[in-house]
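To keep things clear, I will list the structure first and then write my remarks on it.
For clarity, chains are labelled A, B, C and D in written order, and residue numbers in each chain start from 1.
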């Protein structure tokens, strides 16, 4: 059983998507560790270390995602889990921006997968299976 | 222990001194009461939120107000002016950024700098505390319509001091409504205390002859919240505010989707708030209502979003909401550009002005729904007072602890989070899991029956999957979520 | 003299031979009945207008259909495909250009050529006659939804032959509704005869087991038409069509602006049409309704236009219209681009799908308005039959001559043009000048009273200026036109 | 009293604006000759000759204005009323087009004033007074 850490980063309290992601991933047979809303990078990384997680799925809805996710890959490396898969999704920047560009910015920051607003969580599960070699 | 009692003035002043030290802008001389009172007295009548609302209610036309806020002062002013002129907004907001809401003024400062560097707003709102009274004054001075702070700040005391001293004549929020949907682990006692402070300040200004408006935040999580639950919170916050001396209150409600339930909600919100204010002896509080256009997930398509905005505006007008908070075609994407924001405003304005002479005729369906909402609210308020041994503030804290009041999808640990809502066959929001919610058996039976009817028609069981389907539904263009997977349905269907 | 009697088949065939000679495309072998019947029988069920409407009515969801047509065939096809896919249209039209409507096929041909040369459509619609059955077949073959001709053609006999033979399963129009608002000096007797021909053709196909839909054009001049007047025309045309053997009829109504009056209009339109069809012994006609989004002058602003579209869609859904003709954000400017047209469609779709489970609850206000509409329609139909000595076709001609039926703002000299409409205090369309309109005294008194009440509130007299103000009102963002000039108002106001 | 010929040109039946223009111009003290809807260039020109009109105000709403107004100035010249003021307004072309360009096209065709959709008729009256030296 693969373990996935999920949560909502920064000063972000959008809880609805998070609850639904937990429900769907669990239903699909994952071991889900939900750090919930208002979580720091440390909360995510700490949970990932403790549970030997295969992937971290960061949600950011409120627009400060770009600030909140800075150096997240570096911090993973530093914490010794440099290889963990890093996904990010939600409304990760302020305003309607060209998604291709946004994706590039987050990929440069070390995220493996970057999702646009309103992504169906089922789509991400397909990627998970691929990336985790299931 | 918390109490629903007007704060002692000396205690208030002592607190005030501490609060103004929380960030450097708290030391501005403009925060001296003398200055602040003069500033507020100089605000002309048509830029006073409270007074303009009185006129609006009498006119029958639903007023419109957007959400809007960016990191950099000059751009924030330009944005608001645009929404006033091109958007034809009747009231303006300053939506405060999320760092300020969490009192992280240093982060907000970084955000301002980053935004200036990048040439685009890196913050999701206007960091009012960082700009202080001086900056906030520039904002209102540049405008012709009343201005309100809209945020989601559990502890908004410093923010509140600053905006009122700057001449902003309304403040959104409340001890419950700016905690449960906006925080994770802050105690309700704390936030009620913080908001008693904010209300006491407004009460103080009232004693000086300055009428300011206060607006409990109505829609809560914006996601399938049954009207009786958000009404209960709104009424309790109105009562708590009135105790501190607030005289002008706008109670709110977020569009649910069923038109009859929405109109019933708007009508009962006004009726019940007035009823309870008078019941507790607050006879001189002026009540208005605000309708929030759909607060859940929006469709990705912009044209569909504007369609939804048009529908919402129709409902607000038919329900005679005093004002309406508008959305934009960009809603599902992110903070809107000023153009998109103004489009949402003008689409809304077209409808509310056209319908200003009209309202929903009374009907059996409407009055049945109104009766139900009233019974439910009475249940919840009775239970709250009961566990508070007659004290509303104590009662609220206990009621949430025990799950007697419970808000769906809330992030807060102070909230039981046991209830699950779902829609009945014609889209009215009902409850499928009650947890400890203080509804009587008769009411629960009504909800159950309604949902079982839907389950039967859809050939499936009443379950959390229904709730999930309903959460997604509107963004996918339907109101009542349809079963997504085949295996979810009964054989015999 | 004209008679409301099923046309004699031999007479029909004789006429047909003449008509097919009016333009070269009339000689196509595809116009042989054998071919045409085969073509129509090959149209799958979900591309048959009549059958899809039956399903739609049962579903409770209001279907959407745009207006659309350009001069050049390939571009016309591309346009319709776009509206089907990007616009999510449930039904598609081909709006016919104005030269074709006036049977000026040579002008239309020039328009096609000019359009090809200029690279943009110089015609305001699709010149179906010029493209003939072969061209029209290409259009329907390229689509997945039913197709209808929408025009405004007094003499549409050749057009009708061509489109049906090509597999288009619906035709809009009627002897009154495509004359009075669309012509100046063509006699009513003539146009009724022309449309008897078109209906007889549909009746013939019905005898072959092919159900085609016919749609009298509901909104007439689109400008302050009281519902009872447009209903009367719709019902008469339904009866005339039924006599010729038409079995599937969609009666129409254009949004008036007051929601209760509009819902009352939609409900009575269905009820009265069914009532009169049965009264005259047409027991097997299937009736559906179509609601037209605001047909008067639109606001110049695109966002406001979409707001209006959202409001209109809400009303259509609450009134349970079977389908709705949509407008676009470009309405006030000109024929919309395909993008703007699709935006109007999607904004509409969002609302009608969301509201598919909902309808307007019955209420005293609604039933009072319904009763009034019914009484008025009964008055008008009674008077028409009376002057026709029991023959509806004769009656109509006389009724228009005498002004017993009278349509505001119509260009036709066959129309008395004596009545003047204006809105009452909450926007319902009433009449201030009756001319010879066949309303009884009681009804007239009701209208007068309603308008005097408005005059009193506005401090002015009931006059043509009110009508003018109301004509402009919606395009200026209000429903009830306010006095424009100071001197128009009473001193004491 | 100045005389103005008004009407709607071509196969166009939009009658509402025409009726209102007649009402307003009359109220403002003009002698209005209304040729009504579905009028040809000849109808306008003929009426202008007969009544010795000062201006012709052509309405075109339905989109074929560009075709219907071709050579109208030339035809006026030929009929001996080359100096008559020619105004045109309504929705004079098909679709939403850049109005500056449209105006140019009609000015080239000899129209003195060209009006965009939804023009307030009062604005045109100000121009009339100017052009007719009132």
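Assume a contact is a pair of C-beta atoms (placed from the backbone, for glycine too) under 8 Å apart; a residue touches a chain by one contact, two chains touch by 3 or more.
Keep in mind it's a predicted model, so treat the numbers as computed, not measured.
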> Counting one step for each move to a touching chain, how far apart are chain A and chain D?
Replying inline: 3
> Quick one: chain A and chain C, Cα centre-to-centre, how many Å?
Replying inline: 54
> If you average the CA atoms of chain A and of chain B, how far apart do the two points sit, in angstrom?
Replying inline: 29
>> Two-or-more-chain contact residues of chain D, please, as numbers and ranges.
In response: none
> Listing for chain C: what residues touch at least two other chains?
Replying inline: none
>> Graph shape for the chains shown, where an edge means the two chains touch. Line, ring, star, complete, or other?
In response: line
> Quick one: which chain pairs are touching?
Replying inline: A-B, B-C, C-D
> What part of chain B is in contact with chain C in the complex they form?
Replying inline: 257-260, 299, 301-311, 313-315, 318, 342-351, 353-358, 361-366, 425-427, 474, 477-480
> Where on chain D does chain C make contact in their complex?
Replying inline: 10-16, 19-20, 23, 36-38, 62-64, 66-67, 91, 93-97, 117-118
> So in the complex, which bits of chain C are touching chain D?
Replying inline: 98-99, 101-102, 104, 107, 110-111, 114, 120-124, 152, 181-184, 221, 223, 296-297, 300, 330, 332-337, 340, 409-411, 464, 468, 471, 475
